[in-house]
């Protein structure tokens, strides 16, 4: 049941990289939401392979079919099933690794756990599964947009190339205007060249994606185990190739004094309680405080490289693994919409959960039924 | 339902900092486990306040009572309820903040979410709740010990003071021999002095806890959303004051090339599949590969400081918050057993979940019933 | 995790019949609910042993302690833990069955499942656990009362003695005025004598409890698997000694034609959509339709009787089991508050779940945060 | 999230009666199970419409496509998605009820809950959804067959026509040899004529399905809330048109004395602990005891009849509803495979859950990893 995520806004994804199809069932989306298919397709297109020469050349239309849950253009409160057919599977690319364990892939661990594996393109462990998350995340974004919540991620680091400017000083919309998805055009160009050179050398490189969430009111998130940032962390860490997560001051916060780190409160002109600083990243005690939520997610370099590597086969015999197939030299440009989708799924769930947190709300609510 | 954690090894904690008691119900611990009360008390004592002058002077015996689930010294497969009475609550210390929002505490967010809050010592949001996690984690450790799994955490950073040595080059047992819980005696002494000076200035400081898990066989962890490192990340991020999590190469991995980062496989003298390096941190595709699992957790400085801070009250009026009460100037020494406990809870759950992953196991299993 | 119940209004019970205590943790009760301890005690007293000579003579005060989740007389949205100490455990009464399997008890099945068991008074399988459900159910009743929902159960059958009148033709309040909890005073007296004679013969007898829920608006309950009546059925069947559940027309409905069974709709004077008849028992498609909800629950005779019975011991050797201990000759009088409590827990959960079913509600809701 | 069922063997169904497709995702089926597509199709064919003149004439091939989770003819431990296209939707049959509430259908309650509904053939509330359950149940049956568990349901009652013989005295295999699925050929013929006459009168009739499960070892099922019979009850009550559930002695057990009802233990020739009688229906304390498990499920008459009925429309105005479309005059013949499927899903889940109930099992299990 580990392919199911969420408490109230629940999704269940399925599908292997080279099987007939992948898809997702969203169970728990409220009824009465306008279902914008163009927007969902737009989000899928942002994640789609083959967008530029620095992404995999695998060609997938990634067009989806709505199988259920939508009627007269509106969600019905019933499960929404979305299907994406796999069209460009060159399974023959993988015959050679049917018995080999590719270094830093999930080949060995799946074999150890299940006693077998669908080796074609990594099967279930392939990042292809994330297309289903992006589709479901797009529905969550539609639900959140009604509440005034916006989510914007961008590439802040590729290898050692970093964006130093704080997000407030950039026009994040610019991120969508280059192949790297970095809002600083100069650094974006450097990153593009760097990734392209890495690709030419048959190597891959890691990176970092930053994400900013605006418009979340105070009160979203749950105490103790399901803290908002804990759920965001799990969601990000569940994305292929992720190695780390931090929010607000993050690891740098460990070096600060309380007198430097604390966010003092004040009341703004509109009478709203605000904080002077935002080391908390918009979350205190696991619950949103109304400030911007921001977090960073670190991605390792893609494991598939076009170089020979030592490994062993399923019999434990030494083998040389030669890179084949079509892969991204750097995942972060395509990871941006995935990070946004997972953030949207977490926030949609927390938004719904918050509605049953207080009995006065319940009573008010009840009176309208 | 956010105070409940786990799929099969499930716990539910309860209690406020200054209420009559805190406790935990563990539902899903297998029957037939020898219940070692001394070990559980030992773990609680490691987390207990008042261990040295660099920890809070609140005095809590933290003695627990077993209310259910154990008979003839063995677990019965029924819920195990553990109760810890609160004994040293100086609630009067908190009367002054009944209407104030302490900076970077959860006062404001709980008020915003629930419309009220138990302000005494932070109520439910207090780290006192973690005593219940440590008690439950101790049971998980007993279950894991049978499988040869050991968990050892230690303080690797306080402010800017860092342990540079890799864990393999230190005797981690030394961590328990100093008040800071750092396995490098020299740095431990520097950290102690640094924390103590910070305390005297009425300030607080952050830090980092590293955790090493040995003896986990290949195959633990679940694909897609419940990846082993995703669950570890959520578990760590759910601990009070945590701002970041990374495993294996972590954020540093984002700067590497695939050719540097990949862990090549080989077969060792015992015919076991191993990796030459361990950038993966013992986890590939969310499933353990049999190597050591290691991860790092960043803690912010404690929010309570003995200095005046600007804030607002529940009416939005400006107030000056003055630090009172008894608090840790640095949480990481006491966080070590909490990190271990949460890791144990995640691994115990994954251990049980892995037992139903493969039908051949099921059949073998069945034959023994 | 089978001692946990509910999706949003979640409870976790613990405790054995002769252990130190039993209790429950309610996680998910909304904040801001006035916590009426007298009412909760009143509900526990209704279930309490020793109410008359036709109930077990075990003496339990069944007084509860609130350990968490309540502050200033109100729920805080945090887990509510309630503790009930066991005071009158005559464990010596059970020494003789330490190695015996009592017919139609859970002794053998627990032993087969877990390899051991707490044999004292049935341990975890004892109906004593239901006191924790009644305490949690009382909180659910407080939440439902705010919504105008009332739950009233009563004994409709003991052995072959049955109440023939439909519930609409009786004053259900009278049920609480006799020891049997039957609203028909004449039949109640017959039932009392019948149970008492059965008791004197050292035997036990079964019965049926009917339950009526009024004030539930249209829209509670979820499609497909979590239908309102499916959850009610599971809840009732989870009560000790229950053998059957039916709602609305029930088993009798299987003998009817659609033309007899269908409930035609009309609009009443207040413009509310109603049904002329109520074979549906207030539920259509698993969702409440605004009519009275009613269902029936069948209880087998108590397994413990004061007569010798053939059985085997843990070694498979034949033994004679002689009834000892203090037991109810008929469970239904004390089952009435348990049935009500379980119904309340199901309905409280469905009430909360319904609040996130529709996005328009969400938007309205949101505007108030 | 109410379209998701199961704790470890988890399924999520989707689809409306007249949407493009219905389907199911099974998440939690162990790896290494031989995937028998012919058997799954065979089970779907048993539920398929148009099998005889006493079932609906809607023509659906009910052929399924495997979208994921199966490789080289074996399950992979990853989600198994099955898709069934809807082919014969005469939506025009339903235009007339777009604004009408059909008596005893879910039209009104869905409208009240969600503010809108897919009225075509009942949308999500249609029994068409059960095809997805039958497909998932067939996988569960394959898993259970490995453990020697067999499930056989049959029609025991149509209207007032009842099978009086106990199941032990019939050849249950005969049930599949007639259109009614009753193992008593004579009564089957009477039932067929009775249903056919009812159909000709444009009416419908209810019935009862009995189910027998053999081969379940002692130990399956969980204490307290997830008792085996409680889960079976919920599963049966979740099937469209079900009004009641009883197991073992059921409602009749309420009329018995303990001395009549108790099942005395003995040790059989093979040294196995058995019971002389089986009033318990193979379940004691919610856990299987190794005897046959049997239970009965009552179905109301189909709500759609070919007669005029009074009702109201979405505006509350009185209307006359005239039966159209193609429907079963009696659901029980086609309900037989659905009852079996739901029983299989419950038992597969309990089988997996039982494997983590005892630490000795865990240790033995572990040694094989």
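Here the chain labels run A, B, C and D in written order, and each chain numbers its own residues starting at 1.
FYI, contacts are C-beta pairs under 8 Å (C-beta built on N, C-alpha and C of every residue); 3 or more make two chains touch, one makes a residue touch a chain.
Since we're looking at a predicted model, the values are computed, not measured.
J.: Identify the chain pair with more contacting C-beta pairs: A-D or C-D.
T.: Pair with more contacting C-beta pairs, A-D versus C-D: C-D.
J.: Examine where the copies chain B and chain C touch and state whether the two sides share over half of their residue numbers (same) or under half (different).
T.: Mostly same residues: over half of the interface numbers shared.
J.: For chain C and chain D, let me know how many angstrom lie between their CA-based centres, rounded off.
T.: Measuring from centre to centre gives 26 Å for this pair.
J.: What whole-number Å value describes the gap between the mean CA coordinates of chain A and chain D?
T.: The mean C-alpha positions of chain A and chain D differ by 38 Å.
J.: What are the residue numbers in chain B that touch two or more other chains?
T.: Only 1-4, 7-8, 13, 28, 31-32, 77-78, 113-115, 124, 217-219, 223, 354, 357-358, 360 qualify.
J.: Applying the document's contact rule, which stretches of chain A touch chain B when the two form their complex?
T.: So the residues of chain A in touch with chain B come to 1-5, 7, 13, 101, 103-106, 108-110, 112-115, 124-125, 129, 157, 159-160, 198, 203-208, 217-219, 221-227, 229-231, 233-235, 237-238, 243-251, 253-267, 271, 273, 275-276, 279-281, 283-290, 298-305, 307, 309-312, 316-318, 353-354, 357-358, 360.
J.: Would you tell me which residues of chain A are touching chain C in their complex?
T.: Within the complex, chain A contacts chain C at residues 8, 28, 30-33, 75, 77-78, 143, 146-147, 217-219, 223, 351-352, 354-366, 368-369.
J.: Spell out the part of chain D that touches chain A in their complex, as residue ranges.
T.: 1-4, 6-8, 10, 12-16, 19-23, 25, 27-28, 31-32, 65-69, 71-72, 74, 76-81, 83, 113-118, 123-124
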